[in-house]
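Both complexes below contain subunit A, partnered by subunit B and then by subunit C.
On to the complex of A and B.
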């Protein structure tokens, strides 16, 4: 019932929305980041984090800390929160929450497949997987030799199965194939998620379509930039773009034929929301693009909290926490490697 | 008037009425004695330090390294605790006998212990791993043996086959013979098998994966392992399943092995030959028993180490917690310019100054410091914290008041009156001496167990109480007084589980004749003096019972309410007097008193006169027409001579009181302010901040007349409307009391008496049980709760809004005892 979801939303979603807003209040603020950036050692970081919501997760770690431990524990907190919310959720929120993890699932599948291709140990790979994207038979991925087997053996049981319809080939797996598979899967996933949100209707559809469109557009730009100079044909590149978003369909036509970063830039500058992102970059530069995109994303995610009675807050919260963990990882790495001058390069302040 | 003021001035001061006088003090401590001084102060627990480094982040402070070390130590201690709990050693808490060890020593000791423990753990983990492997191997050998040997004499009953040519409806005999067939072909066509063991939870998915990977060209057999195997990481017992996969071809083999690896299944080779199998089984068994001995001795050794740690654990944890608290406090202090002294500021109650000085002196002596610690009082601009010295008994009442808001510094404390009025108002709503006795028993049990529950030895059980019981325990003295008062009120209402008793002699009423046939139609007649205490038992069950009790309780509620509200207003007088605020007395207290008493005080007077004279006057009528047509003749409703002129006077007084409390105060404040500003230019440091901390600060700020006026208007309107609505609100005393007595009557008559009417023991028992449950859960628990909440509301809203600001903040001294309580 469009426009009337506020009347009934709280019956099932009110409790969890309150929970997620409470969690959001625990996100690190700019003041926290400023303090963290002044840290001299990883112990200082631990000490500072012990005053935040991460405290209980880090307090039992013995003193010579590693960056990985910090990141692992912070992720564990996110996973715990996610699991708690998932347990409490009813339909359709539980499906919505599950959708959030599919992206990690795709990344994990790709990670394992690439890893086995390069003959890495499966256990070692499993430790590197994002815990949100774990599924039961993930370790068995190593058995598969080609896409068809991958699908038939393992993925048919996972929620990713429907996304595979476009990329089942009997070709042997190689790096290029896998990368294409990742992007095809991601495309199918985003489109499915988008459709699902539209079906939910109301404020959820409105807010999620904005967030997912941004995600799709960002992926389109990244695919374009990363495929410049590779053997990927224009048509193939065009196929990897998601069929929605601000750039769809005319922007995609332009991106598909881009040959260098400046062409991408001129294509993107026609869209006012992206103009501001590209105007921050000097010509020919693509390193800072990621950060610019992240900053824009964080801005949009924060805006989702301005409205009530919709599921976008869950998506936003998970994304914001992930961004926070990325920030912590970067800060910890900089501190550990004595590169404090570069701390601000990649940290995206959330508040 | 003057004698009265003198009398008030000469009243001895009550401890709990005003919060302790506080002063802001500065400490200048030489660095060498700082630690000792702060820890002595922590033991004393009467000084609240102010954070002088609030702008610094935690790791920029002076003693950050020590804090980190303490954090590391407490991490180690937590590790020991987890280990001890894991090993199932519940060490009794020993009294601390040894002197405190130094922190450095403790650090060394602990790291030694930790090192030892970690080593032991890794050793035993390795052993456990080997042991598990052998155990699994043994189980696999035993179980697969039965698969492989499966012959005529050995039917595997629990087996399930997953093979295309076996349907589930075939019976077991056929199935096993089929395996035999397969077995025979096995030998001929070189079918091979892999045997191993896997977690039971994964077995089904494992089987499915194998089926898919080999496209069904395999045979999967499984059997439960029978024994639970300990997972070395989580130390939990896991159920496992033994499996055997038959397949053919090399490619399938690598695939299956990969899948086994992915699922964490352990594969063990089992020889085909039966005798070889036996031999291996024997070997494995003997090695297993050897390992078991080693494992056992390892565990014994480990337990011994853990017990010795557990002996000191509590003491160490206390010590580390204290050290951390000391360093956290030291971090709040500033270095002075010379870097040789630490400067601290804090609040302390004035009575504690001597003790603090003594503790500081002791610290100086104990550290052999050349320089003493300087301790002096400073002037404070901000309002000091509020500190009440409470005891076991008053603490719960103070908590009730604090839950609404902590008293402003030195403000009159409603808790003094709450101690009696709260249980009393509760009892008015909960008047039944049967129920009261039940509550009393509960309260007495809690109080009898007080010493046991609150001593250190039973901290554990105290925490096991759960939040609800903990709340009850905290409020045990409230419960005690509540139950005593409800027995008292119950005796007045003459209700014992809603049944009246002739405790204080016989009833004053009797029937008109011996048959008592018209008792319900034309009533009883009074034949002697009234029943001496409380309600006459004869009212019970009569037709006019409800009108009589309602009128009694309603009038009583109004009397109680007006009395309590008057007390509130009088307390506002004492507050104004205390803070030397004559403006509030003249333009707030006096008109408020007049307004309330000319309307509702008069009503109370009428009620009392009506009770004393037994008049039939209609008080509703009197009150309503006092406003509508004050000049009319009262007629039958006249209670005393001169009532009409009195009413007119009172009405005029009430009408005058409203503008009186509304207008003068803001205008006078404005005038004072403009004068004060003139003075202020001449003498900027004129006012004394200690006398009136709150208003003094406000006066420094810009005076905004409209704001003050609106504020005053809101207050006046609130008071005028509140006088009516608050009085009405006190009628809840009547309403809840009515509800309680009706409810208990229903349970008594409709459940207990009804069941007792049958001559059947079963029905009687059921009726008794229902009555008991209803009494316990509905009347004793829910009704108690609701009466409690209503009493709470009457105190917080109707009583306290007359005088209580409640915008202070609590005194939180640096005290080891409090810190330890928090940790527990």
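On to the complex of A and C.
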């Protein structure tokens, strides 16, 4: 029954929900970002971050800092918090928390396969993988030559196995096929996650379906824009769109035939939530689209915290942390390369 | 008076109900008064307690103030105990010829109803205060000015249990058994 979750949610989820809300209180605020944007060197950034919750993770780093170190340590904090919550969780919350990391698993798989294609060293690639998406046999990915082997050798034992049924072919792996594979996997993952949340019901289903629909629509727009001018046929493009979300099915029909950004804009402006995003961009410009999408996503993620007794807060917190790490990476890069005038181009304030 | 005790072999439900001893009803009423009240209090305490413990990890200052929510839930159980004790003092023995007299049945039903009133009013009051207490702990951890405002909501919630106790006591006050000498 929707509305009566308050009576039984706290049996299994009360403690963890309170913990995740405590973590949310530690997200960096606009004042912190303003301080960070005015830093001159990476050591200043380290000093400012040591006053926040990132302090214990950065304090032991030796002085010539790199931006990758900062990002790595901040990600480590996220991973520690996630693992702590995962240990304490029971079903179905533990399954929900695991679903959140499958996106990173897909990214890691694609990273290693692409890197192997371009003859990079496996160890170096493993260091670049996102820690939330690691699984045991990930190093074996470097051995596979085509998708069938990829599946048979490695992926059949991972949680990604059911997502592969649509993209097992005997073709060899090349850049185009790998991108198609990434998008097909992600489509299957989003649909699976959506169905799982619907099965959970109640406030979780409602909030997560809104967040996942936005994700599906955003990916549809990005796939469209990135495949304009490539050899991807219209049918192939349509096969990569998820079958849920605000744009399903009529928006997908229109997006599949778009050939430039203005057609994408006219297709999207029929939907009120996306019209406000596209109205911020002037004609012909697509660089600010990413930032506009991130801002809209952050707004929706923060709204998930307004209700109590649902699992959406966990998903929301992980995504907000990832956005914060992206912000820190951008700020660190701008400071390291002395381009502080561009620092506000891509920082999305959370509060 | 004629239809009650002498219709010995009539098989209607009303006769069956009238043949249940008023002491049964009284005892069940007293059991419900204490049992269901304690269920409500326990439910409320675990809802508020789990959130309070989790939130206190990042914000340890909230622990002492938010124990008030637990105390409000506990008060609900105390109401149940008090009413159960009052109800059991209302039980009197009547001679066996009088057990099915109208006055006895009335007293039995009054105690039963009083027990149900108090039990279920305290059940929902405990639930209500527990859920509000959980939200109170989480909001206090984020912003300490919210605590007193949410406490006012809890006070209104705990008044529900008090209403139940008042009506229950009024109900049981008029449970008079027939006098011993007939």
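The working rule: the second predicted complex is superposed on the first by the 350 of 351 C-alpha atoms of A that agree within 3 Å, B and C clash if a C-alpha of one lies under 4 Å from a C-alpha of the other, contacts with A are read in each partner's own complex, and residues count from 1 in each chain.
The rule we apply is simple: contacts are C-beta pairs under 8 Å (C-beta built on N, C-alpha and C of every residue); 3 or more make two chains touch, one makes a residue touch a chain.
Everything numeric in this text was worked out from a predicted model, so none of it was measured.
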Which holds for A:6: it touches subunit B only (first), subunit C only (second), both, or neither? second
Could you look at A:26 and tell me whether it touches subunit B, subunit C, both or neither (first, second, both, neither)? second
Kindly classify A:153 by the partners it touches after superposition: subunit B alone (first), subunit C alone (second), both, or neither? first
For A:139, select first, second, both or neither according to whether it touches subunit B, subunit C, the two together, or no partner. first
If you stack the two complexes on chain A, which partner ends up touching A:161: first (subunit B), second (subunit C), both, or neither? neither
Between subunit B and subunit C, the one with more contact residues on subunit A is chain B
Who does A:14 touch here: subunit B (first), subunit C (second), both, or neither? second
Give the list of subunit A residues in touch with subunit C in this complex. 6-7, 10-11, 14-19, 21-23, 25-26, 308
Under the definition above, what is the set of subunit C residues touching subunit A in their complex? 43, 46-47, 50-55, 57-59, 127, 131, 134-135, 137-138, 141-142
Which residues of subunit A touch subunit B in their complex? 35, 38-40, 43-44, 47-48, 50-51, 59-63, 122, 136-137, 139-143, 152-154
List of subunit B residues in touch with subunit A within their complex: 57-60, 64, 67-68, 71-72, 75, 78-79, 205, 209, 212-213, 255, 258-259, 261-264
